[in-house]
Each structure stands twice: as structure tokens, then as C-alpha cells.
Amino acid sequence: MELILLLGAPVIGALVLALRGDRSYGPEVNAGFSAVTFASACALAVRVVSYGPLLLYDEQFVIDAFNVFLVALTAFVGLTTALFSRPYMRVEVANGKLGPGRLRLYHSMYQLFTATMLLALTTNNLGLLWVAMEAATLSTVLLVTLYRTPASLEAGWKYFILCGVGIAQALFGTMLLYFAAEHALGSAGVTALLWTHLAAVKGQLEPTVVALAFVFLLVGYGTKVGLAPLHNWLPDAHAEGPTPISAVLSGLLLNVAIYAIVRCKILVEGSLGSALPSQMMMGFGLASMLLAAFFLWRQRDIKRLFAYSSIEHMGIVTFAFGMGGPIANFAALLHMTVHSLTKSAIFYAVGHAAQKSGSQLIENIRGLVTISPTIGWGLMLGSLAILGMPPFGVFASEFLVLTTAMKQQPWATPFLLLALGVAFAAIFGKVQPMVFGETTARRLPHPPALLPVFVHLGLVLVLGLWIPPYLAAWYHDAARLIGGP
Amino acid sequence: MAVSFSSLQVCLALLAAWLVVGFAGLLRPRSIRFAGRTLFPLGALCGAALATVAGLSLGAAPESRVLELGLPGLPMHMRLDALSAVFLVLLGAASTAISVFSAGYFRKGEGTLPGLLCLEYHVFLAAMGFVLLADDAYSFMVAWESMALSSYFLVTTQHRIEEIRRAGFLYLLVAHVGALSILLGFGVLQGGSWQFTFDAMRAAHLDATWASIAFGLALFGFGAKAGLVPLHVWLPEAHPAAPSPVSALMSGVMLKTAVYGFLRVTFDLIGLQLWWWGLVALGVGLFTAFYGVIFAAVQTDMKRLLAWSSIENLGIAFAGIGLAIIFRGSGLGHLAVLALVATLYHCLNHAMMKSLLFLGTGSVLHATGERNLGRLGGLIHRMPWVAWMTLIGALAIAGLPPLNGFVSEWLLLQAFLFAGDVPHPFASMLLPAGAAIVALCAALAGYVMVKFYGVVFLGQPREASLSTARDAGFAERVGLGLLALGCVLLGLFPALIVPVLDGAVAGLLHVPTSRWGGPWWLLAPERARHATYGPPALCLLLVVAVVLSIYGLRLVYHRTVRRGPAWDCGHARSDARMQDTAEGFGQPIRHMFEPFFEMTRKLPSPSDPTPTYAVTVGDRAWKLLYLPIATAVHAVANAVAWLQQGRISTYLMYSFATLILLLAFVL
Amino acid sequence: MHPLPFSLQLLNACAALLLLLSFAMLSQRRTVNLVNLLAVQGSLLVIATLIVAWRTGQPHLYVSALLTLALKVFALPMLLHRLIRRLNVWWDTEPVINPSGTMLIGLLVVVFSFGLAQPISAVADTAIRSTLGIAIAVILLSFLAMITRRKAMSQVVAFLSMENGLFFGAMSATYGMPMVVELGVALDVLVAMLVLGVFFFQIREQFDSLDLYHLESLKERD
Amino acid sequence: MTPLAATTQLLEIVGAALAAPAFLGWVNQCRAWLQNRRAPSLMQPYRGLRKLLNKDAILATNASPLFRAAPYVVFATMLVAAAIIPSMGTGLPMSTAADGIALVGLLATARVFLSLAAMDVGTAFGTLGARREMMVGFLAEPALLMVLFVAAMLSRTTSLPLIAETLAGQAPALYPSLAFTAVAFLLVMLAENARLPIDNPATHLELTMIHEAMILEYSARHLALMEWAAALKLFNYACIGFALFVPWGAGNEASGPIGLLLAVPLLAIKLAIAGAALALLEILSAKLRVFRAPEFLATAFLLAVLGLLVHLLLET
């Protein structure tokens, strides 16, 4: 029931907003549907927490500890982003960047995007997972090009082609899994793509085939995660789209892609019994962290800056999942949560900052605290949080990752240290003059919505100091589910 | 009915109270009076209470408790043992005086709003407290980084000024890198037991290699906070940038948390100590001390000078720790205790005197608006209170009996005297040289302080504007007075304090405590044979001698005292410009230790009608270490950027290559 | 060994033709011909599907054959022809790598993909395992084509032929995916095409051409 | 404390205070003789002091209380220093309050106050003198400390009387380390007491003077105290030298009053020889440029450290 509502609400929302999205009340309607989605997600979460994992609609959907908290997170950030986009889009319209038509497109695609992510998270069918991922790309491509500027078109095209190709690889990987599964299960047809069934027989899957399949899946979904060197679409797409979209792309879509990879990793590891997947993921993770750190060093565009920081953090998560084991998995899950909260909060602040100073270029944004302390402090605290400064939650996960790495993969720690150090210098060195110093900013036609920023940062702060027991239980279950060496 | 609280509970409550006071500042963020008249005094009260409680708990057994916070499976553990208590006393005492001073210090229109400032200030205090109480890696790191963060915001109070922002950035960067290395150190220490509590780390047994790695990481991490060369560069930038009470807190208290952490990790958490670690720490510490003091001698900005002198003192402290490790590693526990007692005493002293001096400079800064030594002078007439209080601090830090600076120097040298007992010939050969360097640094500190005090407070005012300088207000005087009193008491009654420290340290090293002999006025350490020092007696002797000489003269001498112009060897006119400048006073040091300095001289040409001479002294660490790193990172960044050419075919090629490679790897 | 049944020979022939076609696409520079080749590829796919369906008698394969016919033989090529006419992009410019070099690389890719297919088809008991290698080859070749192309249009065509390769692989290895998945995939492809259409016009109105070198401004190297 | 100890203590203080100018006079006398001049009488320094004590004191207008207090502090420190150096007897109750390290500290205190006072009036000469004094001091002080360290390591204690007793008690053996440190001590003594080749007590040339430059602004009783303190300082250094290198003959509890009575003339003889030697050294050496002074003192410092190493190498 909750599931139908969860997936239905955004779809209906998409239809409604496709027709009425440009009305004055459009943004509120958008937020309303997101609120419904969030409510149902909460209900679902409560149900799973109380009754354990669910298999629904002849096993096409599975809700377990791993994905239910991602569902809740996605719905929550979806809601806050919708709230944030109310004033933001109004300002954009006031600045004459958008017409009614594109506003309709924006709102309906926003809902559709949410729907596809939720589908990808909840489905039990690897094929459907693939379909949903592809759909997520398609629904956001037109949002990236919303402004129709040359840059945005280029970004959209790269996004489309690179992710399309990557996803195609993922489809082939899925197919190989299906192939292996058929041999294991002996039965053709739908059940052979159901994750639960595969997980049941993962021991018997043909190793070589599964290994090949994992390569295709990793490259495929890894492209969407933005793992270096497959990441090239990410900074462009995140920087050129409207800020709310950047927020959800960074905060949510990457999580979903990681989720897909991890689901596959569980199967593959089960069948291979070797450290191969872990090594690949650790390699990708480290590469992404290092590359991103050095790219951060020379950014001039504030949104590109934080896009690269997303790559870096996805690298951390991938590395952690690669290390595996209860603690590293726990850390990775926690990191996914806090990263999506923090990063979206940062993008909210960045969006308003860019609007206030009428430019995305870092050197044009100066002294935010003096003109609007809330945005300034939001950006400052957000950046410090994303840089892993306690008492924010990002630190908690990085703490666990680093300490685990020190014992399990000591060879990796110098790289981690280097990447984190360079990233800190790069980001903080750019954020400080934006927040402090003499100001260049101006007033906005609509008062900015900064509630989401501080709600997110508050949550991250709380997660850094105290993780509620039921949440911890979730994480632990999920971590156990993912397992690893 | 009577409710009894454990001291740990009270300490936690007081730290919480600090936080509350801080957040209360947000109630009326723009009101100086509210913050100054109400909140800072309250904070001072909390500090005094904290010092008292911690002091009373010194004798007691360690007590710990678990807060319902932190990571799942890793709640925040808090523990109050003798070592923490000693540093808590330090924190409480110093912060009391500094808060009282701050109550009268902050003025309108100094960057951050007073309310916010009050918040950052008290969060800073509380964070330091939690660092000292933390009993597991996570809460330690959280407190540690919160400390860095809040102090960063305090440093950047006047964020409109470019170099202050730069200083803040440098500070936070170094702090963060250091924190990461400490974090990795804990990662090593937990030794596979996924327990991050300090108890688990005590229990974990590391082999020599891992232990050495942990030690190295700790030395790097805590060294970055303590400002050991070459990680010291942030310190001379950040201290002048911060408002003076904040400089006082950072220099007087925050740097000590580095010493605390290093002691905690080296002697408490790492099971074994290898003697050559001590050599490393000793070497780094001594080099830092020497480097710091010679740079202090050539500074022309009074707060920079004090910052460099802090580097020196922390170097001495780490040298003491290194000595202790050497003794400990060679099985001479009782001597290790002696060295550590000296170190702790030095920390207490430094907290008092350096805070005193920084606050003094703060008052001077407010009275004159000048930090440049070249524009000060003769202030002893304009602001006698500040001058005399500062004199005590200066004499103390110069290590002159009977003030406190001398006591720790005395103890440390006593410890060095036992170099001969160290079984490793190499070490025992090096130690005397170490003692020599300590002595040299102490003497140079005297040089620095004469320069500092003489140029700022004595002589003739170098600027006409100085004649309008006014003495500090009441609250500031009280703050200064408290710290000066602390210096005097620590100087006169070591015999009462040292045994307590001995207890703390002996507990840390699991060595039986020893008598520090003698009556209350005599410091006669049993660990150091036949060495006695009785400051009260010495002080009494001096006073008696002075009084005698005064009255003795009165007997034979009946003439009057007249005032007249300075004779100056018969020179016709001498004005303030003819006095030695700060640069001039530093000249011999520049001359002698030239290789250490990065000097740029601006010499006038002979034909120049208006000749000007300027010399600026830079830190070689920049050119030798930091600029290369920066350029390297930049180069790598540019090289990496080449990957991203904007052409989609190239990107597709990357994906293709990755795919092929991985497939080949799998096959 | 006894000769393969006729149907299988036919299937192998289809496979070989597919491979040939993808080489042709690799070398072809006229966009219209590219689209036609794509259509032929699609029809070969339909035939292959029908053969398999007839051999195994799985009803859902007939449906998927129908779907393929509708989508890949008629809908997409028509759409593309329309676009070509509307945007008059008849020729692709000189490819990034010259055709002969591309061919050489293509050859290596084929060898590699056959090697890749070996372990998989070793465990396959389906009668048509030998074609899997060709499927992989088709996929990688079209990947290569995408890399070498400079016009958005031809890149898209290559992309679609990659889809074909996937489809062929799915069919040859596992008699096609489950129905729900196939429908989803088809839907995605259709939507993708529509989005592409929109894209082309947007790009066109911005740069009044579909040359990809207009789309090389967002980069880190300066 | 025993009456003997009390008397020794008192004798030391008073004796030092009274004999110090005479010792200075003696050095000057010898120097004059060695230079074939007619020597001033031994009493000359006392006359100088009396003259100064009968003049009006003139303070510079902007002299601060620190300036007035300094002479008393300096004199007092020297007096206390004299009280803890075993010159005539080793049973010194006051020396429990301050050991060798404290002695160095006391001397440093005197130096710092002297320099601060010199900077107080704010004349060119005063600050110049203060700077040079501190420059000499920061090398001489650690050197002296190292000298004491060697003795302390030899006798396993830092309390001066005990050092003297142990060194005297041991069979007169050759300690190479002591040889090194003796030279070092000599150099330090020359530098610290403003003697040639570092400073020339007889001139007021700005290029040369250190000590004189600092006390330029003093007059009358303050100047008298400063001069007296300087004489005391020289005396103290001489006594430190005796205690470390020729410790024999100092009275103690064992030898009783007789020992003390014998110690007084013995000390006089030692002082006479030392003064003559000092004068000889001074006329043999030429004044160094101020820039050279650090090298001179660095030599002293290194010699002292070398002595320490030699001790650890050969004698343990």
C-alpha cells in the first residue's frame, strides 16, 4: 500500500504538473506531492523496521534494511529540495531565465525523476533496476539543458551519451547475470532476474561469467556514480543545470547508482568468493578521490567545485564498500546519508549565493556573511561539514573509514591522506573568501528559503554526535546484508 | 538529603555551563555590555570552579563515565585521571584570568558581533575541556577538531583583513592535516580490536614497528598543533591575527593540549616506549626551541615575537618529553618522572606567563593601536599597571629566579644531569649537548624578553601619539593581576605543587611516587640527589639584601636626588629616534645565526638624497618546504587537468579503455 | 561431427552478416547510409529472433520480434531519416581516426571479444552459443564507432547499433530477457530517441550544426 | 644551623662585600705595575665609592622607578650570590636555598635588571650597552652553566658547597674535563666582568664599551652601588673558580673554627695570585672588536660542552 503511494504519488504528480506546473501555485503543488511521497516513505520505513524485510507484488519489489533507509533519505531530500526550489525557481523566472513551458517541464520532470529513483531503489528485478536507472538519466537530461545555454546543451549531450553508453554496458552485465542465473536456477523466465533468488543461489553462479558481468555492471553503473575515469559528464551536468537539480543529482542519483553497484557486488562476491570486486572498487574509489582532489584545486566555478567534491566523496564511499566488513560498510552507508544531506544543503546555499552575486564564478562571490549571514554561515558550515570537520556527521564516517583503512589496507592511507588534505586546502581556500571579506552580493526579489539548509546541517550535526538507535540498527542490518571480506 | 556528585560529573557540568554561557551570547548578539558585564564574568566563574574541582580531584582515583552520545557501539567515554586533572587546572586557572580580562577587552566594531564572539570563545574553552576529558578516540577527535574550528573562527574575527584570512586558512589547514594524522595514529592503536576506547588501546599490544608508526603519527599530529618546526608556520601568523585574549588562550592553553595529547598517547596508550623515540622527540624539540627563540629575537611585531617565543617554549616541553622517553625506554622510570614533572611544570608556567604577556600586549594594542615595536616605547610612564604586571611575566619567561620560569628550567636541567646513567652511549653522549642547547635557549629567552620589555615599555616614546595612551581598565587589570600572581606563586612554592605533579606522572608511568623532601619552602627532589632549591628563602634573602642596602646607604648618605636631562655621555641632543630599534636590538642575533634566516636587505645607494635602510627576516621553512609542496600540487593539478579535454570522443575512449582493461584483467 | 541443423546455419549466417554490417558502419561516412545499415541490422535481428522463436517455440520471442520490427526496422530509421532531412546533415566529417586504422582496431576488438566469449559459451548449453562472441564484437565495434564519429547524428546511430548488439547478445545467450524487461528497454529506447530529437533541434538552434566540436568548451584543460 | 655555620655564612657575606673593592684594586695595581705605571693604591676603589656617596644623585627626567630600583636589586643579587659560593667555608646554610643552577640564575637576574635599567632612560648609549651586554650574556650564561654541569656530574650534586667538598675530598687526580672547563670558565669570567679582551673597563669610547655604557646615566649613590656590585661580581667569579678548580682549604664542620681561620688567609693568597694572573692576561691581550666577542664566547661555550663530553667519555 505504502509502496503504491510511494511510487504513484510522484508519477501522478508528474502528470498533474506537466499540465499545471506553470501556475503560480505550481511550486507548492510540487512540494505537496513530494511531501506525500515522503510520508509514504516514512510509513514504509516504519513497517520494515517493525516487521522486517518485505517482498511485494509477486516478488517484484523487495524492501529490506539496505534500501528502505535510502528510500526514506531520497524522499526526504526530495521534499526539502522541492521546498528550496520554490523561491529559487521564482527568482529564476523573475530573472527571465525561464518561461512557463519550461517551468512545467521542470516540475513534472522533477517528480518523474523522484519516481524513477524510488523505483530503482525498491525493485527486486535487476532488469527493472536497469530500466529505472536509464529512465532517471532520461528524465534529468532535459532538466540539465533547461536553460538552453550552449554550455548547458553541451553538458546535457555529454551526460546523455556517456551515461547512455555506460548504462548499455550495465545492461549487458545484467544479461550475463541472467545467463548465469538461468544455469544456476535451471528455470528461465522472470524469477532468474530477481535479486532475492539470485542471492539465494549466488554460491552456484558460474564464476567467470559473473566476473565478466561484474566488470560490465561496474563500468556501467560506475559511470553514473561518477567514478574516475568515467566521471567526465558529472561536473558539467551538475554545474549547468538549475541548482535544485544539481542538489538532487549530487545528493540522490549518485547514491542510487552506488546502491545498484553494491547490490551486484553482493551477488558477485558470493559467487566468486575472491577479493576481485573489492579490489576493483577500492581502486576506483582511490582513483576518484585523488583525481577529484586535484581537479578541485583549479576550479573557478562554484558549482563545478562542489560537483568534484561529490566525485571525491563517492570515491570514499566506493572505497569503503570495497574494503567491506561490518565497520567499513557501516561507514559507507553513513557517509552516503551525511553526504547527500550536506551536499544538497551546500547546493541550496550555493544557489542563493550565485543568485545574489549574479554569477557562478568564485571570484565574483565575496563576503557573503556581511550581506546575508544565514547564507554565508550556511555555506561556511556546510563546506566545513563536507570537508569532514567534526562535530558534523561526515567526520564520523571518515573517522571509521580512515581507521579501518589503517588496519586493513595500510597501503591506501597515504593516498587517502593526500586526497583529503588537498581537497581540504582546495575547497576551504576557495570558500573562505566567498564567505568572509568585503561583499559584492545584492538583494533578491524573493526571500531565500534557508530552512532546508539548516535543517540538513542540523541533522548532519546530530548524526555526528548521536545516531538514534533505530537508525543504527538499520545501518547494522544493511552492513550485515552487504557483508564482504 | 545530601546529594554527592563525582568530580567528573561536576567538570562535565561546568563544561556544559560554558556552552550555555556561549549560546546565551546569541540572545543579544550586538550588545557589548551583555557579553562583557554578564557572560564573560560567568565564564570566568566556571573556569575558577573547574580549576578548583580538578585540583581537588588530583589525589583521587581516576573515574570514568559513558555519555549517551557518539557513534553506535562507541558512546563517548569520559575519564578524569591525574594527568587530565593537571591540565584541567591549567585550563581553568588560565581561562579564569583571561575571561576576566576579556570582560573589559572587547570593543565595538571589531569584526564579529560580540555575541557570536562570546559563543566561539566559550565553545573553544569547552572543546579544550572535552579534549582533556575524552577517553575514546572518537570523542577526542571531535573535541580536538571543534577546538581547532572554534579557534579558527576566533582568529578570523576581523575577517575583512586579507592577511588575517590567510592566517586563519593556514592555521585550519595545518590543524586539519595534523588531526588526520592523529586519527590514523588511533587507527593503528586500536590494533584490530574494533574498540576505539582508550582502555581498549591500552589493552592492545602492538609490535615495535606498529608502535613506532603510531608514535610517528602522534608526533606529527600533535607537533602540528604544538608548532614544532617545520610545522610551526601557522603559529606566528595566527597569533598576531587573533584578538589578544584569544592569542593568550591559544598560546597559553591550546598549545598545551598538544602536550597533553602527546603524553596521553606516548605514555598511556602505546604500551611500550623505545628509547630512540625519545632521541627523535628531543631532537625535534630542541631544534624547535632554538629556532623559535632566535626568530623571536629578530621580530619587530610584539605579538609575533611572543608567538615565536611560544614555539620555543613548546619545543622545550617536547624536549622534556623526549628526555623522559629516553629514560623510560632505558628503564630509568624515576628519572623519566623527573623529566615529565619538569615538562608539566613548564606547561603550567608557560600558561601563566605567556597569557600574561599576550594580555599585556592586548592592553598596549588598545591603548596605542600599535603592534609594531618600532613605534612604541616609554609606556611604563603612561600605563604603569600593565607595565609592572608585564615585567613580572617577562622576568618569569626569561627564567630568572625566584619566579616560576626558573623552576621548570631548574628541574629540567636536574633531569639532564643524569645523562650519564643512560645505558646507550650514543644517547648519553648527545644528552649533554641537549642540556647545553636548553641552557642556550633559556639565555636567549632572556635576550628576547629584555628586547621586548625594553623596547615597548622603557626608554622614550618613539611616537608622539603614545603620549595619549591610557592605562588598562579595571577588569583588564584584574586579569593581568591574577596571572602575575600565578607566576609569583608558581615561582615561590614549587615544593607544594611539584609533589602533586609527581603523583600524576608516577601514576602515568606506573612508577612509585617519591618524596620531594624538604619543608614547604624547600624543593629537594629525592630523584635528583643532593640538589635543593628554596625559592621563598632565596626571595627572602634578596628582599633582605635589598632592604639592607637601602638602609645601609641611608646611614652613610644624606644628599638629595635631583632630576635633570639625560647626560648621554655629553651628547648635545638625543631624541627618541636615537634609541635602539627592535631591528637594531635583534642585529647581533641576525649577524650570528645568519644561515637560519631568509633575509632581504634594502640598502640605500651612496648618492641617495633620502637614504632608507630596511631588512626583513623571513622563515626558510617556506622556501624549503611549503612552496615546493604548493608548486608540486599545482603542477599535478595542471597535469591532471589535461585528462579533461572537453571532447566527448576522448571520454568515450576512457570508458572503452577502462572496460577493455578490466575485462582483460578478469580473464 | 554431424553438420549443424539448417536453422542454426541460418542463424550463424545472420550473426556473420551483423558483424559485417557493423564493420560497414564503422567505415561508412554518409549518414543516410548509416541509418539504412541500422535498419538492415534491425531486420537481421528480427530474422534471428524469429529463427530462435521457431526453434525453441517460446511465444514471448515472437512478441519481441514484433517489437523489434516495429521499433528498430521502422520507427527509429524513419525518425532518423526525418531528422536528417530536417536538419540536412547528410555527411559526417572526417572521423577522428582514419578508416583503415579504425578497421585495424576493429579487427583486434573482434579477436578480443571472441576470446571474451569463450568462457561464457563454454558453459552455455543453448544451441546458439557461438553467436555470443559476435554480439560482444558488435557492441564493442559500435562503441568504437561512437568514439570515432564527429557528428552527433552518426554517434547516435552507432549508439543504436550498440543497443542492437545488446539485444542480439541477450537473445543468443538467453533467448531474450523476460518480457517486462524487454518492454522497459524498448520504452527507454523510444524515449531516448524522442529526447534525442528534442536535443538535435536544441543543439541546432544554438550552433546551427550538429558538429560535435561545438561541444568541447566545458573542460579543465586550458 | 650550628654557630660555626652561622659565622661562616656571615663572614662570607661581609667579607665579600668588604674585600671585593680591594680585589679590584689589586688587579688594577698589578696591571699598572705590569705596564710600568705608578700603581694606584689598593684603597683606590674605596675612595671612589666614598666620593660617589657624598654627591647629589641626578636622575634623568624620564627615568622610571625601575631605573632607581635596579642598583639595589643588582647589588642584592651579588650579595646573595656571594652568600652561596663557598669561598672560606663549605658549611653554608644559605646555599641550601640556591644551588649552582640558581647561582647562574641570580647572575642572569642581575644582568637583566642592569640592561633594563640601561634601556630605561632611552639614550643611544644605554640601549647600545644593553644590547651588547645581553649579547655577551646569552653566550656566557650557558657556558658558565656547562662549567658547573661538569663539576656537578663529577660530584653528583649541584649544590656548590657539596661540589667543593667532594672535589676537595677526592685524591688530587687529573680531570681532563676540568682542564677544558677551567679554560672555558676563564674566558667566561673575562667576558662577564667586562675585562679585556671583551670590554675595556678603563675607557668611555662608545665603540668599545659595554658595561660602562649601561651605567652612564647613573650618578652618586646609584653609581656607587653599581660599581660595588661590579667589584662583587668579579670577586664572586674568582670564588667560583676557586670552589671548582682549587677547592682545597675551605673550612667545614670537620675542620672546625681553626679551619675557618686558616681558610681566610688562604683565600687571600688565592685571590692575590688570581688577581695577578688576571692582570697579566689582560695586558697580554688586546681588545677584540665587538663583532668578534661572540666567537670568543662561542669558544668558551664549546669548550665547556667539550669538557662535558670528555667527562662522559673518560671519567664514567
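Chains here go by letter, A, B, C and D, matching the order in which they are written, and residues are numbered from 1 within each.
As a convention for this text, contacts are C-beta pairs under 8 Å (C-beta built on N, C-alpha and C of every residue); 3 or more make two chains touch, one makes a residue touch a chain.
Note that the structure is a prediction, hence the values are computed from the model and not measured.
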Contact-graph separation of chain A and chain C, given in steps at minimum: 1
Which chain maximises the distance between its CA centroid and that of chain A? D
Can you check which chain pair, A-B or B-D, has more C-beta pairs in contact? B-D
At what distance in angstrom does the C-alpha mean of chain D lie from that of chain A? 78
What is the distance, in whole Å, between the centres of chain C and chain D, each centre taken as the mean of its C-alpha atoms? 101
Euclidean distance of C-alpha centroids - chain A vs chain B, Å: 44
Per the centroid of Cα atoms for each chain, what is the distance between chain B and chain D, given in Å? 35
Where chain C touches two or more other chains at once, the residues are 116, 119, 143, 146, 155, 215-218, 220
Of all the residues in chain B, which ones touch at least 2 other chains? 640-641, 643-644, 648, 652, 655, 659, 663
Provide the list of chain A residues touching at least two other chains, using ranges where the numbers run on. 157-158, 161, 165, 208, 212, 295, 298
Tell me, which pairs of chains are in touch? A-B, A-C, B-C, B-D
So, in the complex, the side of chain B touching chain A is made of residues 68-73, 137-138, 141-146, 149, 156, 159-160, 162, 165, 168-169, 172-173, 176-177, 180-181, 183-184, 186-188, 190-192, 194, 196, 633-634, 636-638, 640-641, 643-644, 648, 651-652, 654-655, 658-659, 662-663, 666
Contact footprint of chain A on chain C as seen in their complex: 116, 119-120, 123-125, 136, 139, 143, 146, 152, 155, 159, 162-163, 166, 169-170, 173-175, 177-181, 184-185, 187-188, 191-192, 195-196, 198-199, 202-203, 206-207, 214-218, 220
In their shared complex, at which residues does chain C touch chain B? 96, 112, 115-116, 119, 140, 143-144, 146-150, 155, 212-213, 215-222
Can you check the complex and tell me which residues of chain A touch chain C? 125, 127-128, 130-131, 134-135, 138, 141-142, 145, 148, 150-151, 153-158, 160-161, 164-165, 168, 171-172, 175-176, 178-179, 182-183, 188-190, 192-193, 206, 208-209, 212, 235-236, 239-240, 295, 298
Would you mind writing out the residues of chain B in touch with chain D in their complex? 377-378, 380-381, 391, 395, 398-401, 406, 409-410, 413-414, 416-417, 419-420, 428-429, 432-433, 435-436, 439-440, 442-444, 446-447, 449-451, 453-455, 458-460, 522, 528-535, 537-538, 541-542, 545-546, 548-550, 553, 556-557, 559-569, 571, 574, 576, 578-580, 584-585, 587-588, 591-592
